Structure formats: C-alpha cells, structure tokens
Amino acid sequence: MNLRPLHDRLVVERLDIETKTASGIVLPEAAAEKPDQGKVLAIGNGKILEDGKVRPMAVQVGERVLFGKYAGQVVKVDGKELLILREEDIFAIVEGK
Amino acid sequence: MNLRPLHDRLVVERLDIETKTASGIVLPEAAAEKPDQGKVLAIGNGKILEDGKVRPMAVQVGERVLFGKYAGQVVKVDGKELLILREEDIFAIVEGK
Amino acid sequence: MNLRPLHDRLVVERLDIETKTASGIVLPEAAAEKPDQGKVLAIGNGKILEDGKVRPMAVQVGERVLFGKYAGQVVKVDGKELLILREEDIFAIVEGK
Amino acid sequence: MNLRPLHDRLVVERLDIETKTASGIVLPEAAAEKPDQGKVLAIGNGKILEDGKVRPMAVQVGERVLFGKYAGQVVKVDGKELLILREEDIFAIVEGK
Amino acid sequence: MNLRPLHDRLVVERLDIETKTASGIVLPEAAAEKPDQGKVLAIGNGKILEDGKVRPMAVQVGERVLFGKYAGQVVKVDGKELLILREEDIFAIVEGK
Amino acid sequence: MNLRPLHDRLVVERLDIETKTASGIVLPEAAAEKPDQGKVLAIGNGKILEDGKVRPMAVQVGERVLFGKYAGQVVKVDGKELLILREEDIFAIVEGK
Amino acid sequence: MNLRPLHDRLVVERLDIETKTASGIVLPEAAAEKPDQGKVLAIGNGKILEDGKVRPMAVQVGERVLFGKYAGQVVKVDGKELLILREEDIFAIVEGK
C-alpha cells in the first residue's frame, strides 16, 4: 500500500529516541521528555497559495524532521502507526548524526 | 438518488478495515485504532478561490482516501451512511493494495 | 408573504424523510439519524467577494439539497418553519429520486 | 433625535408578530418561536471593502427584514428600543403582506 | 493634558442619560437599560488599510455617538473617566436633540 | 544592556500615577483604577505589511503613551520591569502635562 | 547533530539569568520573575509571504534575544533542551552587556 499525501501534507514515521546511560544501558527516553523526530516517508506537491500557485515542499522524502509533540494526526496503515503532518508542523530538518 | 457535491466537497463511503490474525482469523480492527479510509463516490467542481476562480479537485471519483477519524459529517442517504468531507480533510490518496 | 434572501443566503423548507419498513409500514426516520434534506424556496444574488464582485449561487430554486443537521437558523414565516442557510452550508444537490 | 448609522450598520425596529387563532383571538407569538422581523429605520453608507471602496447597502430604509433571534445589539433611544444590526445579520427582505 | 489617539481610535466621554417621568421627576436611567452614548473628544488619523493607505475617520470631534454597552476600554486621565473606542465600535452618530 | 525591538514592538516603562488629595497628601492611585501610561524607551522599525513593506512606527522614543491595563507582556531587564507592547496596543499619545 | 529550522523558525538556547545580591551572593533569578532571554543557535530562511516571496529573518545566529515566558515549544536534542520559536515570538534583540 502506498500513500500519496495531498498538498502540504507529509507522512512521517516516528523515530524511537534512545538514551544510553553512563553504564551503557540503553533506555527508551521517557515519553514526557521525548523530542519528536521522524523520518519523512511521503510528501505532497506543496501548499496551494491564495492565487492558486503551488509552493513546493521545503522537506524531502528520507529527511529526518523535528516537530511538536502533539502535532499531526496518527493513522494506522497496514498495521503500522504513521503520523500525518502539514509542512507548517515541521520545526526543523535534523542533519548529521 | 444521486448526490452532486458543491465546490470542494466530496461524498465518501467508509471502508471497513479488517485485520487478519496470524492464525487467519479476520477481525474488524478496533474502532479506536481504525485508520479512516474510504472510497470517493462523488466530488464537487473544486474550491472557489478568493478571486472567483475554481481550483479543480485533487481527488477523483473511485480513489481510496485517508482522512482524520473525526473529519466530515455523516449523512444518511437511501438508508446508507455516507461521509461528507472537504478536500482539505483528505490526508492522502491510498494507492495499490 | 415573500422572502428575498440577501447575498449568499437561501431559504429552505425541510423535507420529512420517511422510511418504509419491510412490512410496508411507513415510519418517520428517527431524528438522530435523519439526513437533512430540503427544497430550496428562494436564493440570494450570490456571495459578494472581497473585490466587490458577486458570485452567482451554485444552487437554484426548486432543487433538493443536503446540508448539516445543525446548519442554519430556523425562522417561522406565516406559521411555517423555514431554514435560512448560506450557500456554504449546502453539502450537495440531490438529484433523481 | 436622529441616528445616522456608520458603514454597514442598520437601525431596525422590531415588529411584534401576532398569531390569530382559529377562533379569531389574537395572541402574541411565544417568544421562543418568534421569527425576528423588523422595519429598517436608518442605514449606513455601506461596508468599506479592504481596498477602501464602499459597497452600498442591499437593504433600504422602510423595508421589512428578517434576521436571527440573537443578532445585533439593543439600544434605547428616546425611550424606544431599537436594534443595531450589520447588513450581514439580515437574512432576507420580506415582501408583500 | 491632551490625548492624541492612534489610527482608528477615539476618545469618548460618556453622556449621562436621564429620563424624565410623567410627573417631571428626572431619574438617571437604570444602568442595565442605558444606551451608551458619548461625545467624541479626540480622534486618530484613521484606520491603516492592508495596503498602507489611511482611511480617514467617519466620526468627527464633538459629535455625539452611540456604541455598545461593553465596547471599548475605560481609562482615567486627570481623574476623569474616558472611553477608548475604535471606529468600528461606533454604531451611529446621534443628530439633533 | 540595550533592547532593539523587532518590527512593530515597543519597550515601555510604566509611569506611576499619583493622586494628590484635597489636603495635599499624595497617594499612589489604586491599582484597579490606574490608567496605564508609560514612556517609550525603544521602538522597532515598524510593522511589516502583507506585501513585505514596512510601515514606520506612529510612536516615537520618549513619548508618553496610554495603553490597556492588561496589554503587553512584562519582562525584567537589568532588574527593571519593562513592558513589551505592539503598536496596536497603544491607545493614544499623551501630550502636555 | 545539526538543526536546520524551516521558514520563520529559530532554535534558541535559553540563558540562565543570575542576580547578584548587594552582598555579592549570586542567586538564580526566581522562575516567576525571569525574563526569557536566549542565544539564537539556528534560523530558517525567513517567512514565506502570501505571494510566495520569502522575507529574510530579522534575527541572526549568535544574537541574544528576548521573548515571552511561555513562547515556543521545548525540544530535547542530544540531551540538551532547546526552544523552537517563530520570528514573531521574538520581542527584541538584546545588545551590549
């Protein structure tokens, strides 16, 4: 199954952020503290402006993005939880490691 | 009876999503978890922009669409429950199987 | 008495939707389930756009329309309950029987 | 005393709607059921559009108008209760008797 | 002290409205019933439109105006209660006596 | 330390308004009654309009201004309480004494 | 890891403001009294205007900025708390020491 988002929407898969303690134990970061990051799986063609022109997306498929904890809406496709966001929900692109 | 939606509205029939367990038993997905998908039965001519021009719909009749669980309004036509959505309620077009 | 709606308003008379049971008994559909349909009695000249131009109505007098259960405002004229809607409250035009 | 409304405002005097029962007794319609109608006493020059132009009023002094039960603001001028409405509060012009 | 309002604001001094009973006794009108009228003490240069142009005020200093009971904000200048309104808070100009 | 406000913002220092009683005793005016006045310490370059142009500020540094009791946000810079306002929060410029 | 903010967003690191008492003891300022200041770590390309043009940011990386106590959203990147703001959340640029 394939999702083709409309306009300025993106399909994002949340990344699980882990924290390595000093002793090397890997702990999933507490939910309340978790920065929301995800990988962009699909993007729309861009936002349609008032004059009908389309503004291409500022985010590309495969990029890692940072967004608000409560942004977007969760959908379940093929048993997998995905997040539907609008471009304006994206705070920043996360680069490097 | 036939519905001709106005402007940027669509008539959508919800799809029942089923989940096949490992043992092959088919279970209707729990309501709280159900991604909202549907089939587009009818579309309007498109959104009327501020300058009076019409932007054609980005969704076609027969396409399968993904939308928010609480989007739109339910109407009952000829005893059948249908969903009235606006184009901006549609998250994505679902392609393939 | 005659009503001449202003701009993008319509005067609509609700239709009572009835349901015929298998045994032929006609039941008025339960209020909670009733799709709101009505007949257009009068329409305005159309919505006035920001630049002052008028966009003619997409709905004509005599057409049967589908709208939200809670849309519009009820008025009583000559002892008859009528519904005042705006064009954007209309979901779709209902054609055929 | 004379009121000169600004822009798209109107001064309206509510009409008391009476209902004649079959036996000829005239009853003031119950408040909860009363359609709000009134006579236009004064109008402004019209709404000022974004570009500074003025759109003349679609309602004239002396016309009978229909409006929402809770529209507008009541003022008391010379001991008389009047209603201040904006043109967009007016549903329709009531013609004939 | 002198107030020079900005843009589309006005400084208004409320008028006390009195009611003369049939027997000639003058009563201050009950607060709950009082139409809000006032005298314009100062006006701004006018509203700045989206394109940066200024629309001159439709109300002049010295005029008597009618406005909503809860409109504007009260300030106290030199021990005197004044009302700061915007032009759009003004319902009508009151002429004559 | 120096504050350079952005766009249509101003930095204002509240003035304490005192009231001299008949007997010459100077009382700070009760908080609930205090008109909010202040001295402008710094201004931005002006509001950026929709088309990207900048509208210069209508208020200058050093002027005394009148504003709503609850307008703006208090910040503390170098131990001094200052008020951050937008130009549209300013009711009027106070001239003379 | 590197953050590249979108459009008119900024990544800001809050500064801890300390207060030196008369006796020279340094106290972290009480939270309720703390003016929110921070250092700009990264900025977007600027706000996209209605006509699709981009307005460059009025704030530069490395500048110290003043903003509302409750502005923006906190994210945690590489174990460090950062604040995501929009340019319009910035009150002023703080210059000098």
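Chains: A, B, C, D, E, F and G, in written order; residue numbering restarts at 1 for each.
The rule we apply is simple: contacts are C-beta pairs under 8 Å (C-beta built on N, C-alpha and C of every residue); 3 or more make two chains touch, one makes a residue touch a chain.
Keep in mind it's a predicted model, so treat the numbers as computed, not measured.
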Field: Angle of rotation relating chain B to chain C [CA atoms, steps of 5 degrees]
entry: 50
Message: For chain A versus chain C, what separation do you get between their C-alpha means, in angstrom?
response: 42
- request: Round to the nearest whole Å and give the separation of the Cα centres of chain A and chain D.
  value: 52
Field: Multi-chain contact sites of chain C, meaning residues that touch two or more partners
entry: 50-51
Query: Can you list the ring's chains in order, from chain B toward chain C?
result: B, C, D, E, F, G, A
Message: Can you tell me which positions in chain E touch chain F when the two form their complex?
response: 1-7, 9, 11, 42, 44, 48, 50-52, 73, 75-77, 79, 84
- line: Given the complex, residues on chain A that touch chain G span 19, 29, 33-36, 49-51, 53, 55, 58-59, 66, 68-69, 87-88, 90-97
